[in-house]
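Structure in structure tokens, see below.
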Amino acid sequence: MALSREQIAMRVAQEFKDGDYVNLGIGIPTLAANYVPNDIEVMLQSENGLLGMGPNPTEAELDADMINAGKETVTAITGASIFNSAESFAMIRGGHVDFTVLGAFEVDVFGNIASWMIPNKLIKGMGGAMDLVAGAKNIIVTMTHADKHGQSKLLAQCTLPLTGVNCITRIITDLAVLEILDGAFYLRERAPGVSIDEIKAKTAGKLVVPDNVPEMQV
Amino acid sequence: MAGFDKVVSSYAEAMAGLTDNMTVIAGGFGLCGIPEGLINQIKLMQTRGLTVVSNNCGVDDFGLGVLLVDKQIKKMISSYVGENALFEQQLLQGELEVELTPQGTLAEKMRAGGAGIPAFYTATGYGTPVGEGKESRQFNGRDYILEEAINGDFAIIKAYKADRYGNCIYRHTAQNFNPMAATAGKMTVVEVEHIVEPGEIPPSQIHTPGIYVDRVIQGSFEKRIERKVTAAATTRA
Amino acid sequence: MAGFDKVVSSYAEAMAGLTDNMTVIAGGFGLCGIPEGLINQIKLMQTRGLTVVSNNCGVDDFGLGVLLVDKQIKKMISSYVGENALFEQQLLQGELEVELTPQGTLAEKMRAGGAGIPAFYTATGYGTPVGEGKESRQFNGRDYILEEAINGDFAIIKAYKADRYGNCIYRHTAQNFNPMAATAGKMTVVEVEHIVEPGEIPPSQIHTPGIYVDRVIQGSFEKRIERKVTAAATTRA
Amino acid sequence: MALSREQIAMRVAQEFKDGDYVNLGIGIPTLAANYVPNDIEVMLQSENGLLGMGPNPTEAELDADMINAGKETVTAITGASIFNSAESFAMIRGGHVDFTVLGAFEVDVFGNIASWMIPNKLIKGMGGAMDLVAGAKNIIVTMTHADKHGQSKLLAQCTLPLTGVNCITRIITDLAVLEILDGAFYLRERAPGVSIDEIKAKTAGKLVVPDNVPEMQV
């Protein structure tokens, strides 16, 4: 069965290593913070200028000067640092953030990603997404494998305006974990109970299915 | 002493010299760390045809959004403008121009403007609509695009504390774009929560040295929260 | 917790992985704010063929100068190297290469290296020997040259205080090049006067966020003064 | 009579306006700090990262972490700020420092300056001089009008490697105050008792002598 948002987030969190600096996009990526394994520690970077983002505050802790990149009130953990936006993006663009997890509309076999703009709909802007995909050492895209009309989001070539080129190597969807390699999606894991045929049917870009595709452990 | 006493006593004095068609760089991220009173003064002055450089454009009735009401903004240079119905309406009607700029590129363009760097290369935006029409070049086998600096006629800044020399510190994440914006204005005006005595901020803790600052004004702030989320609402595993 | 505990207990551990022909970026200005113990460790290791990037090269018997004694430095990238007789001798004998770089360009090259900016334009050095062989271009009618970023295999840093996450603050003008150097090393090692508990340095006062730092070591410092000048010696009008 | 070093410094200090941020090079420029008029205040920038440099310390105040760009121990005034080298040169290169005063080997009628390198002598480096001449709004060169062999330092064209091009507009020597304009040195003031003929004799580049050349007030 397709994973829930929480299950996708759980699977994402398994990617983290102890000591990783991680930037989590809005939505499913943010949920991954809830599932960091107990035996490791990661530090969350928020691109508005906070390294060491903590949980949301209590009513008593609420502070208009303490927000994250989603403009939500947050706290800072002990050991956090706070800095200006140029410094924050120096970290991101300079490759110091180990992991970026973000959503997308489309990803293609070349590792291109489209995540910020749908023409003829209102353009809200890319925020920090273009910087994040250009800067992080590892990027994980989380999304549903297909849209609500059943159309694949894993394409031979992106159709929407790009956020970045040749930058995505790993995708975690509600159906599968995939790696992008040599112009193809390599199926690495499938959601428990999801058939390889369903994944094939919902993957428009070239899909390579190894002999052994284990089920995700979530 | 007069030469370094940058404190002014009214918003009118703080924004004196702002005229139509100028470029204004504003600090802030969402509604956090924005110079509320200076923005309201621009509304009061009814200055028009402004190019405003800021990560966001406030909300309909607060922050930079209030300058949309009377169509004072001609062009907005931002990374994200999705919080504002009036903005959307003026954009769709062609009354407002927007130049979307990646957030890190925007911060770096302001810093470059302040630091005498006319242009720099960045990987951000290569191969995307942001890179269209811009020079691209490889360094060490990777593709980059050339981005130019931004300077403003005015920079409007929100700081936590400043002294009369203009030395500023910011509080928590209200720092955001403010330090870069402060360096990039021909006339930099800082609205602060607290004016303190020189020396009260230790020299090595000053975020914005006074050399970048032309005017300091004691502000009064609403400090509205855009998205109040508390621990009660989001439980953590 | 282990993943963020960057404190190491010996200089050998601090500099482990340094091998011949690497590039080392060192913080410091003159003898002020230099990682004395890390430099001495490099001498002890007898690593050779090093390219060292630092504003100066110490003096004959202190600071980076000690690495000249056994000719461990192949090339020096600096803005000013006039304090050192051994340096002069090796340079004149062709045993040492020097790439003189304007001080501001040097600082900016390190920052660019850490910030993912491969190159930037600057007016500094245009029309001078520094600009020879470099691309030049006009922006707004003024001439600029293109300067490329510097990155190092190692960055060696002197901080005043750091916690185990690697968050650092510097004291007074011992800050100088250290914060930029810290961002530009593949392996960044910080030698500190005091290791403090996380949280002891308020988050907004941290000069170098720990994300740039790989190792922290408690140092012991001589803190030699290069030019001791007191008020008694120079009377002011 | 030719001015002393102190008198040159006095004349330099007359250029400052209340509220100016000033960077003073080593030597005569540094002396100018001693002659700032009592009714104005200037703030000294030292390019190693100090804005608001104060006098040298007492023995009790001596601190290895508190030096200026000449590597001499100094103090900071109340209202000073201390920052890193990139920030310091952002101030300088971004045009925020109002005045730079520095010495030179040669200046020519095009406003070129040579101040850092004499070929076939040891090259020590330019330090921050190239950044300062590229960045400051106003630059004043202080030097003796001629070298110890009587050779003019004010030339038709610099012969030594340049520090900067087209950047010098004002020169204060032991003999005169000159402005560079339209490819010539304009004589603005002369040292008390120094004849225009002497200045002419010691100025190799094109010299324009207005009808009225007042004596300096030092």
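Going in written order, the chains are labelled A, B, C and D, and every chain counts its residues from 1.
One rule holds for everything that comes next: contacts are C-beta pairs under 8 Å (C-beta built on N, C-alpha and C of every residue); 3 or more make two chains touch, one makes a residue touch a chain.
Here the structure is a predicted model, which means the values were calculated and not measured.
*Asks:* What is the chain whose Cα centre is as far as it gets from that of chain A?
*Replies:* D
*Asks:* Using the stated contact rule, I'd like to know whether B-D or A-B comes out ahead in C-beta pair count.
*Replies:* A-B
*Asks:* Return the distance between the CA-based centres of chain B and chain D, expressed in whole Å.
*Replies:* Between these chains, centre-to-centre, one finds 36 Å.
*Asks:* Compute the distance, rounded to whole Å, between the mean C-alpha positions of chain A and chain B.
*Replies:* 28
*Asks:* Give, as an integer number of Å, the spacing between the C-alpha centres of chain C and chain B.
*Replies:* The computed centroid separation for chain B versus chain C comes out at 32 Å.
*Asks:* Go ahead and note the Å separation of the Cα centroids belonging to chain A and chain D.
*Replies:* Their C-alpha centroids are separated by 55 Å.
*Asks:* Indicate the residues of chain D shared as contacts by at least two other chains.
*Replies:* Residues 50, 76, 82-83, 86, 89, 92-93, 134-135.
*Asks:* Out of chain B, which residues touch more than one other chain, so two or more?
*Replies:* 108, 111, 115-117, 122-123, 170-172, 175, 203-204, 207
*Asks:* Give every touching pair of chains, nothing left out.
*Replies:* A-B, A-C, B-C, B-D, C-D
*Asks:* If we count contacts the way the header does, which residues on chain B are in touch with chain C in the complex?
*Replies:* Result: residues 108, 112, 115-123, 139-140, 142, 144, 148, 169-172, 175, 203-205, 207 of chain B touch chain C.
*Asks:* Can you name the residues of chain C that touch chain D in the complex?
*Replies:* Going by the criterion above, the answer is residues 29-33, 55, 78-83, 88, 91-92, 98, 100, 102-108, 110-111, 122-130, 143, 160, 170-180, 207, 223-234, 236-237.
*Asks:* Can you check the complex and tell me which residues of chain A touch chain B?
*Replies:* Against chain B, chain A makes touches at 33-35, 46-50, 55-59, 61-68, 70-74, 76, 82-86, 88-89, 92-93, 112, 117, 122-131, 134-135, 161-166.
*Asks:* In the complex, go through chain B and note every residue touching chain D.
*Replies:* Touching chain D from chain B are residues 1-4, 111, 113-117, 163-165, 167, 183, 198-199, 203-204, 206, 209-212.
*Asks:* Give the list of chain A residues in touch with chain C in this complex.
*Replies:* Counting only chain A, the residues touching chain C are 17-21, 40-43, 45, 50-52, 76, 78-83, 86-87, 89-97, 134-135.
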